[in-house]
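Going by the order they are written in, the chains are A, B, C and D; count residues from 1 in each one.
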Amino acid sequence: MLFLIASGLTLIFGVSRIVNFAHGSLYMLGAFFTYALVPLIAPGTVGGFFASVLLAGLGVAAIGLIFEVIALRRVYGAPELMQLIITVALVLIIRDVVRWIWGPNSLSVPMPDAFMGALLIGDNYFPIFPFVIFGAGLAVMLVMVGVIRFTRAGILLRAGTDDRGMAALLGVNEKLIFSSVFAVGALLAGIAGGLAAPYGDVNYLLDTTVIVTAFIVVVIGGLGNLYGAFAAAMLVGITKALGILYFPRLSMVLIFLIMAAVLLARSLGRQGGPSR
Amino acid sequence: MATKTRTGVSALALAAVLTSAAAAEGNTVKIGYVTGLSGACSSISEDGLNGTKLAVEELNAKGGILGRQIELIVRDSQTKPDEGGKQARELVASEGVDVLTGVCSSSVLLAVEAVAAEAGVPHYAIIGSTQKANIEAFQPNFWQIQPNATMEAFAAAAYVAKKAEWKRIQPMGYDYEWGHTSVEAFTEHLKELRPDIEITDPIFVKLGDNNMGPYIAPALSTKPDAIYAAIFGGGLVNLIKQGQGFGLFERSNLVTLTTVDALQSMGSTMPKTGVYGIARAPFFALPPSEELPGFIESYRAAYNEYPTDWAVNGYDGIMIYAAAVEAAGSTGMDALMPKIYGGTFDGLRGAGLTVRAFDGQMSAPAYVGAIAFGSEFPFPTLTDVDIVPGETLMWSEDKIQALRGAAN
Amino acid sequence: MLSLKDVHASYGKAEALHGIDLAITPGEVVCLIGRNGVGKSSTMRSIVQDQISVRGGAVEFEGQSLVGMRPHDVIRLGVGYVPEDRRVFASLSVLENLKVPRPVRDVSRRTWSLDQVFELFPQLYDYRHRTAGVMSGGEQQMLSIARSLLTQPKLLLLDEPHEGLAPKVAEEVVDAIVALKAEGVSMMISEQALHTIRRCADRVYVVDRGVTVWNGTVDDFYANPEITRKYLMVQ
Amino acid sequence: MNVLPKMTPLRWGIAGALIVLLELVNRLAGVGMSLVLTEMLILALFASSLNLLMSYGHMVSFGHAAYFGLGAYGFTLAVARFDVPVELAVFIGPIVAGLGGLVFGALCVRLTEIYFAMLTLACAQITFTVLFQWYDFTGGDTGITGFMNPRFGLTEQNFMTLVLVVLVLCLFAMAWIVKSPLGLSIRSVGQDRWRAEALGLAPRRVQLTVFVIASVFAGIAGTLFAVFQGSAFPDYAGLGFTLDALIMVVLGGLNSFWGGLVGAVILVQLEHWVLMVTSHWELMLGLAVLVLVLVLPQGVVSVAGRLSNMLGLGRKK
């Protein structure tokens, strides 16, 4: 799950060099859209749930796209800080609007009936739903990897990550790439939010909870590196689980230390030459 | 959506209050209400404010306090202590409020109390319930009308102690001050009541963590007969939903805080058995009184939903304040505080409640019962509710003084 | 087909071009020569509107002004551009690099297909699944040219095509350019090596300190050795 | 670019008049306004310290609040836990912040650009987590309250005057640093560290120096804030304060000496007045930031600069 969020963030950063503070907000929107859609589309069924999540994701992608076209697009030439501040503005706007529409209370999205229970293996219970989320996340990731590896859109995306100016010099509309990447990133965030919605509560403060963790994952995985993000998501998840067991007070500090160590290690590897 | 209209109503009310402020200058009783309308506390602050507003309207309709109309001035603390402190300071400095209240969240409560104590303005707690405010941070301008964290934990311990078949208990709590205090108080009290019970090492949940799996699995690994969880709000919803996947309610039981808002937001996803709730003021279990049906009715009429614990406490808070001011004949602190600390008060939560002078704590009762689905309300409620009298839940003066000594 | 008239252009506030005049007719190969840093690359960039802003003068391609256009629109009009540092997409394979150029909608303009490009640069075909970043400089240069050809250019701009290459490899690149010329491709090449000029250029422009100071046919150029001495020798 | 604060006699006059005006408002507009102004000035100092780092050192920090928080806690803990007299403790706050800046900065300056920013974020989150979790020492999430008389027991107006004086002194100090030889090397490293290195400067050492200086000023702001509130909470070191300061600097104007100051004035005043009209403060702030950044990418200061040029007040830039 973390991976879906982080991969969207890392994609956006890789291509457009934007640190998208609003990524957590897009995740949250995905959760709220799913909350709104689930009762409308075949409630309780598996198909209805996934359809809701997909639609919610598309809705979030549309909002991401609108935002990109209206605001972000105007400042690609400006210092990166401007783009960052604009995404911070988006965080504030989305949070307030969500609170306006859905109120400040925690909401609960019902799970599809089929996913409610647990697998009983010996004496151990394994809840089904996390596996479903993981499976769905994996499926989305496989689709994405497929798209990125084998389609022209994927090639353009990777080309843009390597050298976006050169892509333009081959007749590729740079802004179109930016817009679609932002939309895809938003789609991933939205789908992640929607998938996770029934597992926990849905409230308008999800954004900050998510964004810091997503940043950590993206940084540990290497900014702009999709596969790195996947590995890092695993690492962070496991560290957290172990941290809770063995030294609960320090688990967060530990994760930040890993992040700092990774950053520093990378800088040592790069020493001597100008940074990219 | 009920929530939608509520937000709208409060925004309008806020505007109305602000515009009337200038006109009514001077001859009103000003209540400074600092609450977390946004931020982590927003889900419960709104309810407290609604209950408060209802009380203010009722009092004003009857002519106000001491013949003066009541003016409620609301400020948003954003659930941040610095913001709360700032808003309180401005309310005292520019509005000259007679009393401060409404605060949610322990840290904001302490920040506001610091301002109130410095300015010599009475301040009472209706939501935020850290016992730090009763112990090391206590100042004689302060009282707290709801049970504090320790009292609720004591009530939970008393309830657990009565379940003779429970032999092993796993405590859990949010990893911040309130969670730790609650778990400690629970453990301590339960050990006194039932020396035979085994209490395993507590597990603390990081604030804002949506994934409860990593906490639930180790909690169940000790095979407890019950889990006591000092967790509320979204985290509690997560714990219960995700706990079902781990078979928590087949294998164990859960004793936790279930205020009415939590019952409402869980709705049908609440397990049918295995959940025992501690509540602060559940409207369906309050002792029958003359005012209660009227209160529920007018609250439903005004806000289109049932009053939550927070709303009841908001309402009671104003009524108690009004009674004390009437008795004192003044809103001034010197006249008021002896009446607060010396009086007995009747409210929705029962009659004959008192406030102790040495720590400002009201002898508020706690409500503990088993979750049940009835046909009367569209959400689960508590049955077989024990109303635990506040007096039995409070630390003695000696203990408080000892704790103060240790803290300083 | 392309003309620059009194072009002034700058990076930020630093003006790099102070009056460039040149023109290319279809089928022609023109060399832009001059010492390092006199504005050859900047001239190329001012045509494709890459990183430099044209502050004065006119840049026209087939009668259309290019000033202020976005780079990809210039490319789509039919100007191919091979930048001096080649800029292959290092993490992509050769084949993927060649798939980046946007397919031209107008079928009549499609003169180069993938097969034709591979015919021109056979070793690219052999290495088509190799990651571009690990290839040698010469191979990268071939790839960069091949990639630009797939934008179906009417005019190809080559910036220092064999800079930093070993002499033997450089010669292969020149061979390729000569082959392209034989195909009738119009080209503008910025160049320092005189023997390249002899092999493929029709006309020569000399640039010095951001200004075009001399132009003429290749024969004129070789007839006036003092130009070489004045503008090309390292003083 | 108005990188250096150029002070013509006329600008001196305007600055002086503004100070007098602030003091007049402070004395005449009621205690409530004094409180708003005090907060505004403290945040202005905090934002200016970040601005020093960003506009001159060209280092964007996502964790500047750490040093604000360290300043506040350095002071508070000295008073509350070690019984240091208040007069002495006010110096401990900035020193603690400076030390924090030295330790974290030494790590952070090894990186550049976004990696630098991310590492500052990690450092700040570590600071925040420690403050939040170390109950026995820092009081955890409920912070430390009631350990002293807020504002040293001064009246609201007098305290505001004190803060104003401290702010003006700090701004003088910052201006002096920027103009000094050290400032010159800070600026040259900020603009082009490779060239600066070629000129014989040690970029990392210079960057670390400016990082520590900015931390100390942030620490001064944090200490003032702790005195003002009479309390310290982990939030002071949280992401919220960092983002606020970032918004202030960008709104006010990056690459300008006055950026942080102006941004703080705008943000605090905006919040003060918007909250009187609507409770949707975040929405309004978001929209305002969006519009301002899109319309005035150079920040509000640029308008002032243009205006003053138009009126012939400033020297030609």
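Please note the rule applied: contacts are C-beta pairs under 8 Å (C-beta built on N, C-alpha and C of every residue); 3 or more make two chains touch, one makes a residue touch a chain.
Source: prediction; values computed, not measured.
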**Request:** Please identify each chain that touches subunit A as well as subunit D.
**Result:** B
**Request:** Between A-B and A-C, name the chain pair that shares the greater number of C-beta pairs in contact.
**Result:** A-B
**Complete:** Per-chain C-alpha mean nearest global C-alpha mean belongs to chain A
**Item:** Distance between the centres, which are taken as Cα means, of subunit B and subunit A, whole angstrom
**Value:** 36
**Item:** Between subunit C and subunit B, distance of the C-alpha-averaged centres to the nearest whole Å
**Value:** 75
**Message:** Roughly how far is subunit A from subunit C, centre to centre by C-alpha average, rounded to an integer in Å?
**Reply:** 41
**Complete:** Chain centres from averaged Cα atoms put subunit C and subunit D apart, in whole Å, by 50
**Item:** Residues of subunit D engaged with two or more neighbouring chains
**Value:** 133, 280-282
**Request:** Send over the residues of subunit B in touch with two or more other chains.
**Result:** 37-38, 175
**Message:** If we use the touch criterion from the header, which chain pairs count as touching?
**Reply:** A-B, A-C, A-D, B-D
**Asked** For the complex, which residues does subunit A have touching subunit D?
**Response** 17, 19, 21, 71, 74-75, 78-82, 84-86, 88-93, 95-97, 100, 208, 212, 215-216, 219, 223, 249-250, 252-253, 256-257, 259-260, 263-264, 266-268, 274-275
**Asked** subunit C touches which residues of subunit A in the complex?
**Response** 152, 155-156, 158-159, 161-163, 165-174
**Item:** subunit A-touching residues of subunit B, taken from the complex the two chains share
**Value:** 1, 3-4, 6-7, 37-40, 42-43, 45-46, 175, 203-204, 206, 208-215, 218, 220, 233-235, 237-238, 241-242, 244-247, 251, 261, 265-269
**Request:** Using the touch definition up top, name the residues of subunit C that touch subunit A in the complex.
**Result:** 48, 50-51, 70-72, 75-76, 81, 83, 87, 89-92, 96-97, 99-102, 104, 147-148, 150-151
**Asked** Can you list the residues on subunit A that touch subunit B in the complex?
**Response** 99-108, 110-111, 116-118, 120, 125-130, 196, 198-201, 203-206, 208-209, 240-241, 244-245, 248-249, 251-252
